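Here chain A shows up in two complexes: once beside chain B, once beside chain C.
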Partner chain A sequence: MNAPVLAAERHDEVAVLSVLAPRLDASAAPRFRAEASEATGDARRIVLDLAKVEFVDSTGLGALIGLMKSVAPTGVFVLAGAGRQVTKLLSATKLDRVLNMEPDLSQALSRARR
Partner chain B sequence: MRRRFAIRADVAAVTELATELRAAWADFGLDEEAANDLEVAVVEAAVNIVVHGYGGAEGGTLEVGLSRDAGAVQVELVDAGAPIPPGAIENAEFPDLSDDISAIPTSGRGLALIKASVDAWRYLPSAGCNRLILIKRA
Partner chain C sequence: MDWLRSSPLSRPSQVSVLVADDDPIVRELIAAQIEALGYEVRTAEDGQAAAAAALANWPDVLVTDWSMPGMDGIELIRHLRAHCAPGRYLHVILMTTSSAAEAIGAGLAAGADDYVPKPLDMMRLQLGLASAGRLVQLQGQLQRKNQRLERAHNRLRDAYRMTRRDLQAAAASQRRLLPDPRQEGPIRFDWLCLPSNLIGGDLFDVAPRPGGGAFAFHIDVAGHGVPAALRSTFLHDRLLRAAGSGDLRQTATEISDILLEDAADDSYCTAALALFDPQGVLTLLQAGHPAPRLLRRGGGITALEEGGLPLGLIDVPVPEPLTLAFEPGDRLFLYSDGLVDCGSEPLGEDGLDALIEESSALELSVVIDRFKAAMVERKGGPLSDDVSLLVIENSR
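Let's turn to the complex of A and B:
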C-alpha cells in the first residue's frame, strides 16, 4: 500500500507527473495530493499523464482539479493519456470544457511548452 | 445470477471491492462501458456511505448485493450509517463551471455521478438500515 502513486520528472520548465497507480480513487487521492504537491514545487507548467490509470472516481477527480487550480490562472495544466473511463467521467462532469487534454505525453509536453 | 459481498466501511475496502466486482461484471456479460458505469456508481455510493453515512468512523459495515436478469443488472447497497438527506440524490447536479478555474469546486460530484451512471435508482432509508438500489440496463 506504500508504493508511490506518482513518478515525477522535469522537462525544462515543465513538471511531468505520471500516475503509476491503476486507480486514482478515494484510497489513492490523499497520497496523490501529497506527492503531487511535493513534486511540482514552484512549477507553473504541469503535465499529468494518466496513461496507466484505469479508473478515476469523484475523489480522484477532485485531487486532479486541485492540481489544475494550483497553477491557475497564469500557469498551464495539461492532461495526457486519459483512457475511456476517465474521458467519459470528464465529459459527464463537463470538466472536459475547461481541461487541456492531449492523447499522449509527447503532445501534452508540446502543448505545455507553448 | 447473484453475488453478495460484505465489507468494512472504509475507502481501502471499497477499492478492493471494486476490483472484485470486475469479475462479476464479466460473469454478467457486461461490455466495457456498462461495467465502467456500474463501477463508478457503486464506488461513488460506497464512498459516500463511508465518508458521510459513517462519517469516517470505524466499525461500520456495508453489504453489496448484485443480481442479473435478462435485461438489467441490479446492485443493492445496504448500510447502517446516517441516511442520505431527503432530496439530496434527486437534486444532485454537477457544479457549474465558470471560466474562473479557481472557483471550480473539488468535491460534490458523487451523487450526481451515481445518477448519471445508471438507468434507474431507488433509495429506501430506514432506522439503522439504508438501502440504495441501482439498476443498469445491459
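Let's turn to the complex of A and C:
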C-alpha cells in the first residue's frame, strides 16, 4: 500500500524518474506528484521512464503532464518506454504532438542531454 | 541488575498481586517481601478464598502454592482461567516443592505461566514478578490500542455512511442536469450514462440555437467522483454559452482558461462541442476527446480523428473546428473513453463501430438499449471509469 510510486536517480544534470507502480491512476497520482516534485528538485532535464507502467488513466495523465509543465518552457522533458495503452492514450488525446517520446531509457537519456 | 532498571518496567505499584498459600508463616513472609518490592498485595489462605478474592477484584498476577486443602493450586488456576473475562489478563506463578518435569508440565497445562521452586528463592520470584509486570503492561497497552482502533473504526464507518448519503444526493442532482431525450431544432438525440462511482466527470447537454439550429457538447473531466463532478457541473453553464454565441473556439478557450487557472491539481477535460445548423451543416470542435463517429444514412462510418489537445492541460490555442455535412438521417456518436475501454472485456473501437453499424436501422432509443446491454454484459464488476454516449440524428 505504501510502496513508493517512483524511483529516482541522477545522471549528471538529468533526473531520471522510473515509475514503479503498474498503474498510474487516480489513487497513485497524488503520491506520484509528491514524490516527483521531491525527486526532481531544481532539475531542468527530466526523463520519465514508464517501462513498468501498464495503465495510465485520465488523472495519471494529468499528473504526468503536470510534471512536464514543471520544467517548461526552458527545461527538457522526455518520456521513455511508453507501452501500448499509454501510447494509445497519448495519441487519442493528441498529446503525442507535444511530448518528447523515446522507446527506451538510453535513447531518452541521450535526447535529454542534447 | 542494570538491565532490569533500564528495561521499560511498569511501576510495581500499578501491578496487583494475589498470594495464595495455606501456611500462614510462608504466606505472610512472601506477601511482605513482595510488598517491599513495591507491588500491591492481597493474600488468601486457600484455593477457595483465592478464587473468591480474584473474582471480586481481579489481580494482575497470582502467586499460588500447589498443595492446599480443598481447592489446590492447579484447580485454582483452572477455575480462574475458565472465569477470566475476555480482554482480561492474569499472569500465574506456581510455587512447588517438586521440580520434577511432570509436575511443572501439569502446572503449565492447567494455565500457569511460570513456576518458582520451594523453598523460595526471593530473587527468582522477583524476576518472575518483573516479567509478569512487563506482560501486564504490554497487555494493557494492547487493550488500549484496540479500544482506540475500534473507536476510530466506528468514526470512519459513520463518516463513510454520511459521505455515501451525500454522494447519493449529489448523484441525483447531477442526473437532473442531464437533458431529456427529445427533438431540438433539426436534431433528435438520446443518451446513455453510467457513472463509475455514483457521480462522475462525464457531462453532456443539448440546447436550441437562435435561428433554429442546435448546440451539443460532451465532456469528460479528468478524475472521478466528487471533484470531477463539481468541476463538470461548474463548466456546464459556461459551455451552454456557445449555444447563444455560436463561437466554439471562444467557449473552448474560456473553459481551457478556467481549468488552467486551477493549476494546483492538474485539472483538465476532453471535450467535443458541436453546432448543427438547419441547412445540414455540422461544426465540430474536438479537444482530446475519443474520435466521434459519423454514421451516414446510406451506411459508412467515419471516425472524426482530427482535433487538438484536451482543454486546460497545456496553455496552447484551442483546436480549430471541422465543418462537415450532416444530412437528414445521419448520426453523430459522442462518447467518453470509458465506453470503449471499460470492463473486463472492453468494447474497443472495433466493437463500437460494429454496434453502430448493426443498429443503424433502429430507433435511437433502441440503439441506446443495445449499447446499455453491451456495457452491462461487459463490465464484469463495478465500472472503473464513467461511461457515457450521446447519439444525435438529423431528423429532418
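Quick notes on this one:
What we mean here is this: the second predicted complex is superposed on the first by the 114 of 114 C-alpha atoms of A that agree within 3 Å, B and C clash if a C-alpha of one lies under 4 Å from a C-alpha of the other, contacts with A are read in each partner's own complex, and residues count from 1 in each chain.
FYI, a residue touches a chain if its C-beta (ideal position, glycine included) is under 8 Å from a C-beta of that chain, and two chains touch if they have at least 3 such contacts.
Treat the numbers as computed from the prediction; the structure is a model and nothing was measured.
For the composite obtained by overlaying on chain A, chain B and chain C cannot both be accommodated without a clash. In the superposition on chain A, contact of A:23 is made with chain B only, not with chain C. Of the two partner chains, chain B and chain C are each touched by A:57. Once the two complexes are laid over each other on the shared chain, residue contacts for A:84 go to chain B alone; chain C is not touched. Once the two complexes are overlaid on the shared chain, A:8 sits clear of chain B and of chain C alike.
When the two complexes are overlaid on their common chain A, residue A:95 makes contact with chain B and with chain C alike. Annotation for chain A, partner touching more residues between chain B and chain C: B. Once the two structures sit on top of each other via chain A, chain B runs into chain C at 203-211, and not at any other stretch of 131-139, 149-157, 203-211 or 239-247.
On chain A, the surface patch touched by chain B in one complex and by chain C in the other comprises residues 26, 57-59, 61-63, 65-66, 69, 92-95, 97-98. Residues of chain B touching chain A in their complex: 11-12, 14-15, 18, 32-33, 36-37, 39-40, 43-44, 47, 50-51, 94, 97, 99-102, 104-107, 109-110, 112-113, 116-117.
In the complex of the two chains, the chain C residues touching chain A come out as 201, 220, 222-224, 265-268, 270, 288, 290-291, 307-310, 313-314, 316, 337, 385. Against chain B, the residues of chain A that register as touching in their complex are 1, 23, 25-28, 55, 57-59, 61-63, 65-66, 68-69, 72-73, 84-85, 88-89, 92-95, 97-98. Remark: chain A residues 26, 29, 33, 57-59, 61-63, 65-66, 69, 92-95, 97-98 touch chain C in the complex.
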